[in-house]
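Please find the structures below.
The two complexes that follow have chain A in common; it is paired with chain B in the first and with chain C in the second.
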Partner chain A sequence: MAEATPPPSAPSATQIGVDSWVTESDERRLHRAGAWGAVLRGWERLPPPGKLALVTPAIAVPFIPIVSSGNLFNYGIFILLYALLGLGLNVVVGFAGLLDLGYVAFFGFGAYTFAFLSGTHHEKGHVFTHHWPAELSIPVAIVLCGVLGLFLGSTSRRLLGDYLAIVTLFFGEAFVVFTNSADPYGVTNGSNGLANIDPLKFYAFGQHLTIASVRGYYWFLLGCVIVVLVVLHFMSESRTGRAWKASREDPLAAELMGIPVNRLKITAFIFGAGIAGLAGTVFAAAQTGAFPQNFSTQVLILIYAVVILGGVGSLTGMLVGAAVIIASNQVLDSTSPPNLQRVLFYAALIIGFALMFRSSWRKLAVVAASTVALGFAAHAIASAAWPRGVHGSVTSGGFLTGAIKHWVLLPTNPGRIADYVYVLVIVLAVSLTQLKGWWRVALAPFVFVFTAFLWENLLIQQPAVTRYVLFGALLIVLMAIRPQGLFGTARVEIA
Partner chain B sequence: MIATRQQRLGNFAGLGLVLVAWVLYAVYASPTQGWTFFLQLTVNGIILGSIYALIALGYSMVYGILKLLNFAHGDVYMIGSFIGFGVLSVLGGALSPAIPVVLLVLCMFAVAMIGSGVLGLVIERFAYRPLRNAPRIAPLISALGVAFFLENSALLLFGAQYRNYDGYDLISFNGIHIGGPTGVFVSYLGVIVISSSVALMVALVALVRWTRFGKAMRAVSFDREAAAMMGIDPDRVIATTFFVGSALAGAAGVMFGLVYSQIYHLIGFIAGLKGFTAAVVGGIGSIPGAMLGGLLVGMTESWAKGYLNGNVADLVVFGILIGFMLIRPTGLLGTPALQKV
Partner chain C sequence: MSEPSSSGNGAASEPLLQLESVDTFYGPIHILQGVNLQVRSGELVCLLGGNASGKSTTLKTVLGIVRPRNGTVRFEGEDVTSRSTSYRIGKGIAIVPENRRLFGPMTVLENLQMGAYLQGGGTKEAFDRVYSLFPLLHERRSQLAGTLSGGEQQMVAMGRALMGKPKLLLMDEPSMGLAPILVERSFEIIQQVHESGVAMLVVEQNANVSLSIADRGYVLSTGRLVLEGPAAELREHEDLRKAYLGR
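Our next item is the complex of A and B:
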C-alpha cells in the first residue's frame, strides 16, 4: 500500500510497518509511560501461575459469601460457563484463526447428549430415562462433541475464511431448527425441550457423590475452568499451539514450513467442540433441562462478545470478558432491579465518554460541565414552553429519582417521540465519531443528554432488548477502535 | 481462470438431470395430486425465488467487490420491509389508500429502496470502511454486530408483533388461472412481484454493463489497486455498490410484505441466509448466477414445503448450501478464485 506515512502522534520515529518498527514492537509496549505502564510491565513479568492466582480469586471470590443462590446461579455460574465457552471458542478463533459461527451447536449438542445419557429422552411421544453416572456421561458427551467437531472441521479443508464462517453458521442454525421442530422421532421433544435431567452424580471410591446445590455447581465449574485454562496455557506454548498461530498468520507459509495446516485446523475444531461439550453437560445438569432457545444466535453473539472484548488469543482475557459481558447481560435482564440497570447504563456511558476524551482533561471537564448545564437548561426551557415534557414520572428511580426528575426531560406520553430520538441518537453518535477536536466537544453534551432521555423514556422499559443492541454496537465499535480487545496484543501488519 | 464452456455445459447438464429426475419423481411416484400440484408449487417457488434473487444480488455484488460477507444484508431487507409498511400506513393503509393504488405502490418501492440504500451507505461507511485493511475476520465480526444491532433496534422500535401489509386487499385477490379453474393459480400480486423483480434485474444488468459506474465497479472488483491507479475512486465505487445492493434488498422487503403480508423483526435473518444460499448456488460474484440461484432456492423451498413439511424446508435449503459449498464452492456460474501469493 502507498499510504505508509506515520501519523504525527506516533511515539517512535521509525516508520510504522517497516521491519525495524516491528522488532521494536514489544519494547514500545513495555515502555508505556505512567502508572498504567508500570502495571502493564508488572503483569507481563508475572509468571503464568501468578497470573492465574491473581485472576481467579478476583472473579471467584466476590460471589462466595455475599450472594443468594439465585444470584449465584445468574451471575457466578453463567460467568464461569461463558468463560469456559469463551476459552473453547478462543482455540478455534484465537489460536487457529478460523471463524466458527456454529460454535453454539456444540454447546447444545453437549447438553442434549448429557440429557440423553443421564436423564430423559423422548421417542414418538414416549419418555425414556437413563441414569448413567456423570463420570461416564460427561466424557462420552465430550467425545461425541469432538466427533461432531471433526465433521464440521473437516469442511475447513476445502473452505477458506468467510465460506467456512457461513457453513458453520448454517450448521448452528440447522441445529436450532432440528431441536426445535424438525426432529422426525421427537427425541429432543421439540420446543418444549428436555426437563428432569439428573444432577451430576459421581460414583467414586465406593460412594456416591451428588452435586445438588448451586454452590456445588459453582465450585465444579470453577474447577473445570481452571483445568481448561491450565491445559490451554500449556497447549498454546506447545508445538501444536505455535503451529496453530503460524497457520493463522499465514497458512501458505506455514504449509511450506512443513506444518500440516489442514490437520491442525481440524484439531482446533475438535478441541473447541470438546470444551463446548463440557460446558453443555454442566449447563444441562445445573439447569436440570435443555431447551432449544438456550442455544440460539443470541448465545453465539454473547460468546463472541466475550471473546472479542477479552482479546482474541488471550486466556486471561476470557475470564475478564466473561465477567464484564455476562454481568452486564444479567443486570440488564428484565428480572433484575431497574435502578441497578440505570446505574450500569450511566456508568458505561460516562466511561465511554471519558475514554473518548481521555487525551485531554480540559476537554473532558468542558464536556462534563456543559452536559450538566445543558440538561438543566433543556429542563428549564421545556417547563416554560412545553409543560407536557416535564410531567412524566421516573420509572422506579431509587436514589437517583431526584436528579433524574430535574435533569432529564420526561414527557407524559413519550411513545413516538422516544422512537424518533432513538434514530436521532444513532445519527448523532455516528457523526460524533467523524468530528475532531473542539467540534467533538461541542456535540458530545447533546449526545449524552439525548441518550439519557432515550434511556429514561424508552430503553429502561425493555432492558432485555437494549442489552442486545448494546452488545451489537460493542462488537462494531471494538472492531473499529481496538480489534485486539482488552488483553490481546495488537496484530502487527507489515506493509 | 474462467470456467470453460465445457465445464459450464457439464454443470448445467448435471443440474438438468437432477431436475428432470425430481420432476419425474414428484409427478409420477409421489402420492399427491400430480402435475397441477407440482406446477402450483413451482409457481409459488418462482415468486419466492424472485425475492431471494434480489437479496442474493446484493450479497453477490458486495462480495464481488469487497470479498466481504455482509451478514447485515438480511436485516437491511427487513428494515426496507418496515419502511414500505410505514409509507403504506402514512398514506392511509391498504383498506383506504389516500392516493391511487399504483402511485401508492410506486411510492412504497421508491421510499423503501432509497431508505435501505442510505442505510447500506451508512453501514458501509461506519462499520466496514474503517476495517478495509484489517484481517479478514474483523469485518465479519463487525457485520455480525451490525446484524444484531439492526434486528434488536427493530424489536425496540416496532415491537415483537406482526405487521400486516394486507397486500391482497390493496391490489386484488384475483389472479390468472392457467388450465381452467382447477388449474394453476397465479395471483396478480405474484405477477407484479415477478415482473418488477425482472425489471429491477434488467436495470441492474444494464447498469453494470453499459454505464461508467458499472465499468468502474467491474474494474474495482477485479483489482482495487490497479483501478485506483487508473483514476477510479474505490471508496466511492464501493459505497455506490452498497447503495445499489441495499436498495434491491429494500425492494425485496416490500415485495415480501405485499405477497406474504406479515412482517416482523426476525424476517431478515432467515431471508438473508436463503439469499446467501442463492448467491452461492449461482456462483458468488456473478449477477446472472444470483438470479438463477434465487429461483432454484425458492423453488426448492416451495417443493420441500409441499412434499415434505414446512419445518424441514429450511433444513433442506441449508443442506443444499452446505453440499454446494463442499462440492462446488464456486457455484453454477461462478469462476474459481486464484489465491495470490
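Our next item is the complex of A and C:
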C-alpha cells in the first residue's frame, strides 16, 4: 500500500516510460527572432480580454471619420453588423461544430419581425400597424428567432453533419421564397418588402431616445457587439463552453461524461439564432426596411467567409474577419475603379504563385522568368500569325496599360475564345494542384498567362462577377498562409 | 424498491448494478443474449471474454449508450432501462472508456472538469483526491491531453472518471497499450480506488492480473455468459486457464 502511492513530492518513481520532453515543450518551442517575434509572443501571452481591448479600438476608431461623414452602409456599420453575425455563427459552427446553412434566415427573420412591429404595412387587403418601442420589439424579435432556432434544431433531431446542413439550407431557401412571394397574408409584403419603418426608439430613464443618424447606429451596433462579445467570452470559459468543445471533439466521450450532447447543440443553435436576430433588428432599423434580397445566399457566404477567415472558434477573430472581408468587399464593389481591381487581382495571383513555390527559390525564379517569357513569346507569335489576336484594347488601363498591351493577348472580339479559356483555366488550375515538382513548374506559367488572358478579356468587363472571383482568390491566399484563420490557434497534436 | 430474487451467492448486500436477462442488438445483429450480471456495493467484478464477445457492449448497455431490446438494467434497485445516459451518470456511474477517449485539444484540467460535468465541474475535494492518486496530473494540468503519452493519458482517463465521485466505476481494458510496469501500476491504482469503497466492473483481456485483484468474475463468449464465480475459483478453472491464462 505504501509503495503503491508515492507522495506528490517523491522523486519520479513513475517516470519510467514517461516521455519527458513534452513537459518542457514550452521551453523548447522555437521562437521567431527579432522585434516581430517579440510582438507575436506578447500577443500570444495576452489573455483574451486583453486582445479584445487592443483589437476593438483598432478596428472601430479608423471608421469613425468615415461613418460620421455619412457614407451610410459602406464601412463601419457593415463591419460591425457582420462581426455580430460572425459571432453568432461562430457559436453554432465554432463552439458546437454544427454546419448551419440556414443561418441567414434568422438574420432575416429578426429584421422582418422588427420591421413588422415598427410601422404600417398594407397589402392583399390587410393593414398592419404597429409602433412598438425598440426596448420591446428587439427582445421580442430575438426571442422569436430563438424559438425558431429551437424548432429547427429539434426537428433535425440528430443534428448530424450532412443532415443538418441539408435541412438548414432548405430552411434558408424557404425563407427567401416565403418572403418573396409565398406569403398568403401579405405580412412580408412580397418582393417589395417592408419599407418606411420607424427608426430605433427607446424609452429609458424617463426620456425618449431615437436613433436616426448613421453615427447613432454605429455606436449602438458597437455597443451590441461589445455586449455579445463579453457574454460569449464568459460563456466559452464556462462549464457549458467547455462542454460544447468536448461534444465537438468527441460526442461519444462527451456523452459518456454525462454531458447532454444533443441538448447542448440545440442550445448553441438557439444562441446563434438569437444573435442573428439581434443583428437583423438593427439592420432593419438602420436601412428603415427589410427586403427579401437582403438575406440571400450571398450574404450567408459572406458571413461564413468572416468566420473562416477570422478563425473558427475565436471571438476576436470575428472582428478582424469582418473588417477584412467587408472592407475588401466594399473596395471591390462595382463602383470602384477597374484598375484597382486589376492591381488586387494580379497581386493575389502573384502572391498565390509565390506561396505555391515558396519552398524553393530556384523553382520560383524559373516560374517567374518563364511566365514573363511565355507572355512575350505568345504575343510575338500572335502578331505574326494571328493579327486579330493583338488588336484589342485594354479595358480602363491606368498605369499598367503599356505592360498589358505587350504581354497579354487582346483579341478584338474575344467572345467565344474567352469562354473557352475560362473552362481551360479551371482545368489547368485543378491540374496544377495535382502535379508535383518540376511538372508543376512547367505548367505554372501557362496557368498564369491564361488566367491573365481571362481577366483582361472577360472578367474585368463584368465587375459584379469579378468581385466574387477576387474575393475567392483573396480567401484562398489567406487560407494558404494561415489555414486556421487569422485568430484560430494552431496546435501540435500527437494523438 | 423491488428486492431482486436472483442474487447469486446469497451475499448480504443488495446489488448496486443488476442486468436481468438483457438482450442487446445493433440493428439486426443480436449481440448480448440473456445476460444476467450483478455488481454489489464495494465489489470488484471483472468481465472477461475474447475479442468481439460483447464486453464493451455490456458496458454501453449499462450506461444506456445502447438500449437493450429485452431485459432490465437496475442501478441501486431502480429500473434505469429507459433512462438517459446523463441520468445514469448522475446517479453515480462513471466509465474509463475503451481507448480512453480523452478530449485531445483540451487541457488535462479541462478533461478532469468534464468528468465532473454533472457536479458543476468538480469540487476541490474531488480534485485533491485525484491529484493525490495521480500527482503527475497536477503537474501537467495545463498540458493538452492529446499530447500526453499513452500511460499519462490512462491516468487522465481514470482521474476523469473519478472526478464525479462515482459509486460504480466501469473500466474498459484499462491496461490496453501499457508497458508491463504500467499495467501493474494501474492495477495497483484500481485496487486502491476499490479499497476506498468504489464498486467496479472491469473489462479485461489480461485475465491473470484482473482475476488476481477481483472478487468475482464473469466470462462472456459471443454474447452469452458462460462462466461466473469467485475470482479464485475462476483462476483454477480448466477451460479458462486454457483460453486466457495460457498455462
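Heads up, the rule we're going with is that the second predicted complex is superposed on the first by the 397 of 495 C-alpha atoms of A that agree within 3 Å, B and C clash if a C-alpha of one lies under 4 Å from a C-alpha of the other, contacts with A are read in each partner's own complex, and residues count from 1 in each chain.
Just so we're on the same page, a residue touches a chain if its C-beta (ideal position, glycine included) is under 8 Å from a C-beta of that chain, and two chains touch if they have at least 3 such contacts.
Just so you know, these numbers come straight off a predicted model, no measurement behind them.
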| item | value |
| --- | --- |
| Which superposed partner A:R242 touches (first chain B, second chain C, both, neither) | second |
| First (chain B), second (chain C), both or neither touched by A:V465 | first |
| First (chain B), second (chain C), both or neither touched by A:P260 | second |
| Partner chain(s) touched by A:A365 [first = chain B, second = chain C, both, neither] | neither |
| Touched partner set for A:I381, first chain B, second chain C, both or neither | neither |
| Comparison of chain B and chain C by chain A residues contacted | B |
| Touched partner set for A:L252, first chain B, second chain C, both or neither | both |
| Overlapping contact positions on chain A, where the chain C interface meets the chain B interface | 1, 252, 491, 493 |
| Chain A residues within the chain B interface of the complex | 1, 93, 97, 99, 101, 155, 158-159, 161-163, 165-167, 169-171, 173-174, 177-178, 180-182, 252, 297, 301, 304, 308, 419, 422, 426, 430, 433, 458-459, 462, 465-466, 468-469, 471-476, 479-480, 483, 491, 493 |
| In the complex, chain A residues that touch chain C | 1, 4-8, 10, 14, 16-19, 22-23, 25, 239, 242-243, 245-246, 249-250, 252-260, 491-495 |
| Partner chain A, residues of chain C touching it in the complex | 63, 65, 84-86, 89-90, 95, 97, 101-106, 110, 113-115, 117-118, 120-121, 131-133, 135-136, 138-140, 143-144, 146-149, 151-152, 160, 164, 179, 181-182, 185, 188-189, 191-192 |
| Chain B to chain A touching residues, read off their complex | 67-69, 122, 126-127, 130-131, 133-142, 144-153, 155-157, 269, 273, 276, 280, 311-312, 314-315, 318-319, 321-322, 325-326, 329, 339, 341 |
